[in-house]
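Listed below are the structures to be examined.
In the two complexes below, chain A is the common chain; its partner is chain B in one and chain C in the other.
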Partner chain A sequence: MSELLRTANLGKSFGRHLVFSNLNVKLSAGKVHGLLGLNGEGKTTLIRILLGVIPADTGSIYYKDALLSFRSAAYKEEVGYIPEDPFFFGGMRVGELLDFNAPFYRRWDGRRAEELLKRFSLDRRARIKTLSRGMKLRLEMAVALAARPALLVLDDPTSGLDVPTRHDFLQDIIRELADSGTTIFFSTHLVHELERIVDHLFILHRGRLILDEAYETVKNSIRRVRLAFPGDSPETLGVDGVLVETRDGPRREIVVYPWTDDKKKKIDGFSPTLFHVEPLTLEEIFRSFVAG
Partner chain B sequence: MFNRMIVKEWKEKSGLFLFALAGLVLFALAFSGYSKDKNTLDILASTLLLIFLPVFSLLLGASGFSSEFQDGAWAYLFSRPVKKWRVWLAKYLSLLTILLVVILLFALLTKLHPALKPAPDMFNFPLMDEDISYGILAFVLPLLLFTTAFSLSILSEKTHAVAFLAALVWIVLQIAVTEASLSLFERGMFSSAFSLVSILGLLVPLSLALASVVTLNRADFSQPKRRTWIFTKSAAVFILASIGLVALLALGTRMFQRDRYVYNIEADDKAFYFSTEKGYFKFDLAEGRTEKLARHPSMWGYISMAGDKVVFTSYGYGGGWRGFAQLRIMNRDGKDERLLLGTENQESPLYGGYIHPVRMSPHGDRVAFFLRYGPKPTVQDLWVVNSDGSGLKGYDLGIPDADYYLIVGFGKSGQSLYVLCTQNIKPGDKDRRAGARLLRVDLDSGQVETLADQIRKPYFASMPAETETSWAGGIVYIQHDEAASKEILTMLDPETLEKQTVDIEESVSAFRWDKSGERLAFLTSNSRLGVYSMAEGRVVQIKEIAGYDLRWPSEALEWTSDDRIILRKLEGEVSSICFLDANLAEQKAIRLPFSSHYASRIWNAGKYAIIENTENHQLWGIDLETEQWLRIY
Partner chain C sequence: MITIETSGFIPIYEQIKKGVKGEISLGVLKPNQPLPSIRDLAAELVVNPNTVARAYRELELEGFITTRKGKASFVAENSSSLIRGEKERFLEDVFDRAIAEARKFGLDAAEIRRIVESRLKRQEKRSEGEGK
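This part shows the complex of A and B:
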């Protein structure tokens, strides 16, 4: 899979507060990348750096193998951005926002913009400030897609939306875009949103990427193991990759990543009376990673 | 992108624009309401110019990035595929269109409002002399204030705080530049002082604008402190670089040096006296030698002579005298040079004033002068002092809105003084310039009498040399004839108030008495040279002349003592001094010893015709008998 965007040792601080350091992110063309993290972990900061909105303190960004600087602008022709808050210029009308954006993009597709307005039931003459949050999100999407981006960056756009709208948005639009070859970089704290669409998973925690893996791989190799022992639970199971561990007398529960046959054999050696292995949902995976 | 940005900014700033429109309506109503009260109109027009437009410019500029800050749209804007400096430029130009439209509307208001008509220029602003471009205040000041505020607007979304900060920056800048230019001014570097004000006045807003662009390009907008720090650092670097640039420019061009000039000229049959930035000089006509009479430098030094005395002004460039004017007196040979009075004494009614101009009475016993910028805010009074320094007496001429006084001369008896007074124009004044007035001041009683008004080009008004002729002491000036709508050359006998006028179609642009005071040579706006005979009361010669340098008409024309007229001719690189006979035919042309395209002044003193090399501040004299050139200064 060809690489669209890559960072090398990216670092950022706000005053004395280190947001992240040595961050290496790779976005593969045509994939949906999910960026997960608790609130305040630096997801928005990372996105703003990738978009050239704020500068990084250290590190480099490459787009299609070309080194970008903070002043680079040309690559943004191929990058669509849907921010967290609908911060549109309130006084504008829907059509005016499209017209305002059109001259920025050489690949702007006016016909597509009109189609998207129709598809999203947006009235060109409506004032933006009168739109609901869901409609504003659709408008943001229309603006971003009319520029035919190779990379679409979404910064937690679905927070505050009702469930059906979120579902429509994710299922109908994001998947459709990804299927048509657009690379998606999606940040959210509503983790379960990503479950059905994500291809690759990043988890940003305490200034580091603690997970950078294909979702399929993670899903297939992370397991929750429920154990019970005849007497007290052994002091240690001797298994590495334990993300979460809870004990309750003879009972024990662990989340292991990656789960392998070797680890299974090792635990078998303790002759547990209960040995139940089960997969995790994305939300559980996320919680397991950040719990440590 | 620019078109869309303009639409966006116009929509966002519609409130401010409406504020300007409301101001426009209010000013229009106020102009109508006070249409008969010129002083109030004056205040209103000044308020419009000095308060309303600057405040509007500050608020408009300060609101530059406020909308981007308020709703976080800066991130959205910067994520567009466009260089950040182009975003800056597009916003700047977009807001500039609003500013220009507002200025244009106010310009139209002041131009078209019946209470202010006819306006002297784009703006009918009365504070400035018409020689100063109104554009400086009407356009440049709002533009610079707007640029400053716009540059600072990247620091905060609080429009009023940014506007206040921008105003503060300007106040500090004004104080700094004023102090620096005053310091230069007091050292005789007048042009440099003006250049400094102009250059720094432009460079500082430009520096802030560049700092703003750098900040935009480098700073993290989510960190206000860091953004402010980068801006401050960049602004300091650019401002220091600007100052360095000015210093380099000054060194390279030797800009910051005392102004050079050849100024006030007086001549008698024995010598030619003149002042320069280095002091006062006398060129002895018999010996063909120049000697320095007094070292005292002066700001546009004035000399006046009568009897065996020469009175002159001086201006201290250093030490305790720095910045203070003096009136000094000496014998014609430069001996017995002493201080008559000074303006350095805080108790003196002349304290801190500027002596300008000065004239000695025919018998040399009294000296008259005007004082500008004295201790009272609007003192422009006439003062007379005896030539031994005693009997200082001030006269209030009682002219409302007096702008400038010129001394034309003393009457024959020395008891009366003839002065010209210009007045400030006010909105609604009937004419573009009300014209100067010719006043006669009785020095004993202090009585002031207006002899003539509507005088144009008052700086040219003159008396002939004080020779014993029937018209000696006659005053000549250019008066505007409203009925004929033209300027007429008028000669007035100040004793009898008998007038003679030169009746020609075109306006007169300059004139010069002959040595006897019998004839007056004049130049017209159609490049015609004429001679008016006082005895015959008519124009005895008038002729179109071509090829002569008439750019400085009042100084381009001179009589020789044998009644020929001197003009300068400029043919490519070759320059000549030409002598015209009684029929105004060129009799002789003698090539100048220097080459310059600058306009030159010409004088005659005894057997010498003297011409200034204005470009290099030199004086050259030609002995009319031997036709030998001599460098006088």
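This part shows the complex of A and C:
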């Protein structure tokens, strides 16, 4: 699988506050990468560094196998960005915004821009300040996609949108993926939105990546195990990789990653009266990892 | 109608495969009929196009669909007989498990046959009853 971008030991502090250190993030071409983390864990900081908006304190970024200079304009042209709160000159019209952006990008595709306006039902003559939040997001997307980005970075773009608008937005992203095979780096706190489209999962927690794995692998090997024992439940089950554990008399519930046959055998040895194994949703996976 | 469930054990691409096979066996999708494009189905189901592509690829390997030179995929000519075969294998598996259970209880072949016969008769009677 070909690598589009890689960071090596990226670190960033603001004053004495360490945001993260030794971050190694790899983005594979044509895949959807989800970045999850609680608020204030540095998701936006990481994104701003990847975009070249702010420099990292330590470490480096490689794009298409070449060391990236912080000031590289060529790189910035290949990266599309959709922020949480898009900024527009509100007095501008939709068409003016496109015409304003076009000369900044060598890859700008005028025909594509018009197609996107049509698909998103955006009127060239409409004043941006009159658009709804959802339509502004679509305008932002039209601008980003008309530049034919190799990498599309989304920083929690759907927060504050209603459910149907978020659904439409996801469908637009899916069409873009199918049409252009664009690599996507998607940060969101609305976890269930990612569930159906994410290929690779990053969880940023307390300054480091506590998960960096193909979503399918995580989904297939993380399990919630409900147990009950005759009498009190054993002091320790002797199983590692327990992310969450709750005990209530003879009952016990654990979330284990990865869940293996060996661990099953070990627990079987305690002869539980209830032994129920079930999968987790992405939302539950995320909560389990950041619970510790 | 294919529906996708994300909370269970079954991967999304398996659910898509099952959905397409279901539509073929119900006759909603007929031999030589085009399937929705990967792009359209992905957008409709709100899933990653790579996932739909994987489902289509596997359906093609299993012979249920064919992909012609361009991009479109079609329901294969002999898809319904493949599905009959698959159902048969599924049923064989169900019977195998039932027989294994019966052996655990110490039943011999004659007793198992008697049980299967009596269940069949009972079903037949019931459907006759419904016919009236």
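We adopt the following convention: the second predicted complex is superposed on the first by the 285 of 292 C-alpha atoms of A that agree within 3 Å, B and C clash if a C-alpha of one lies under 4 Å from a C-alpha of the other, contacts with A are read in each partner's own complex, and residues count from 1 in each chain.
Heads up, the rule we're going with is that contacts are C-beta pairs under 8 Å (C-beta built on N, C-alpha and C of every residue); 3 or more make two chains touch, one makes a residue touch a chain.
Nothing here was measured: the structure is a model prediction, and the numbers come from that model.
Model built by superposing both complexes on chain A: chain B and chain C fit together without a clash. By the touch criterion stated above, A:P279 is placed in contact with chain C alone, chain B being left untouched. With both structures placed on the common chain, the touch criterion links A:D109 to neither chain B nor chain C. In the superposed pair of complexes, A:G91 makes contact with chain B only, with no contact to chain C.
In the superposition on chain A, A:E253 makes contact with neither chain B nor chain C. Contacts of A:A73 after superposition on the shared chain: chain B is touched, whereas chain C is not.
In the overlay built on the shared chain, the residue A:L170 is in contact with chain C alone; chain B does not reach it.
Using the contact criterion defined above for the overlaid structures, shared-chain residue A:D212 touches neither chain B nor chain C, since it reaches no partner.
Of the two partner chains placed around the shared chain by superposition, chain C is the only one that A:V32 touches, whereas chain B remains out of contact. Seen from the CA centre of chain A, the centres of chain B and chain C span an angle of about 150°, rounded to a multiple of 10.
Once the two structures are superposed, chain B and chain C can be ranked by residues of chain A touched, with B on top. No C-alpha atom of chain B lies closer than 27 Å to any C-alpha atom of chain C in the overlay. In the superposition on the C-alpha atoms of chain A, no part of chain A is touched by chain B in one complex and by chain C in the other. The touching residues of chain B, counted against chain A in their complex, run 1, 3-5, 7-8, 11-12, 67, 71-76, 78-84, 217-223, 225. Interface residues of chain A, counted against chain B in their complex, comprise 14-15, 45, 48, 51-55, 70-71, 73-77, 79, 81, 83, 85, 87-92, 96, 99-105. Those residues of chain A that touch chain C in the shared complex are 30-32, 167, 170-171, 174-175, 177-179, 192, 195-199, 216, 219-220, 279, 281-282.
Chain C contributes residues 4, 6-9, 11-12, 38-39, 42-43, 45-50 to its touches with chain A in the complex.
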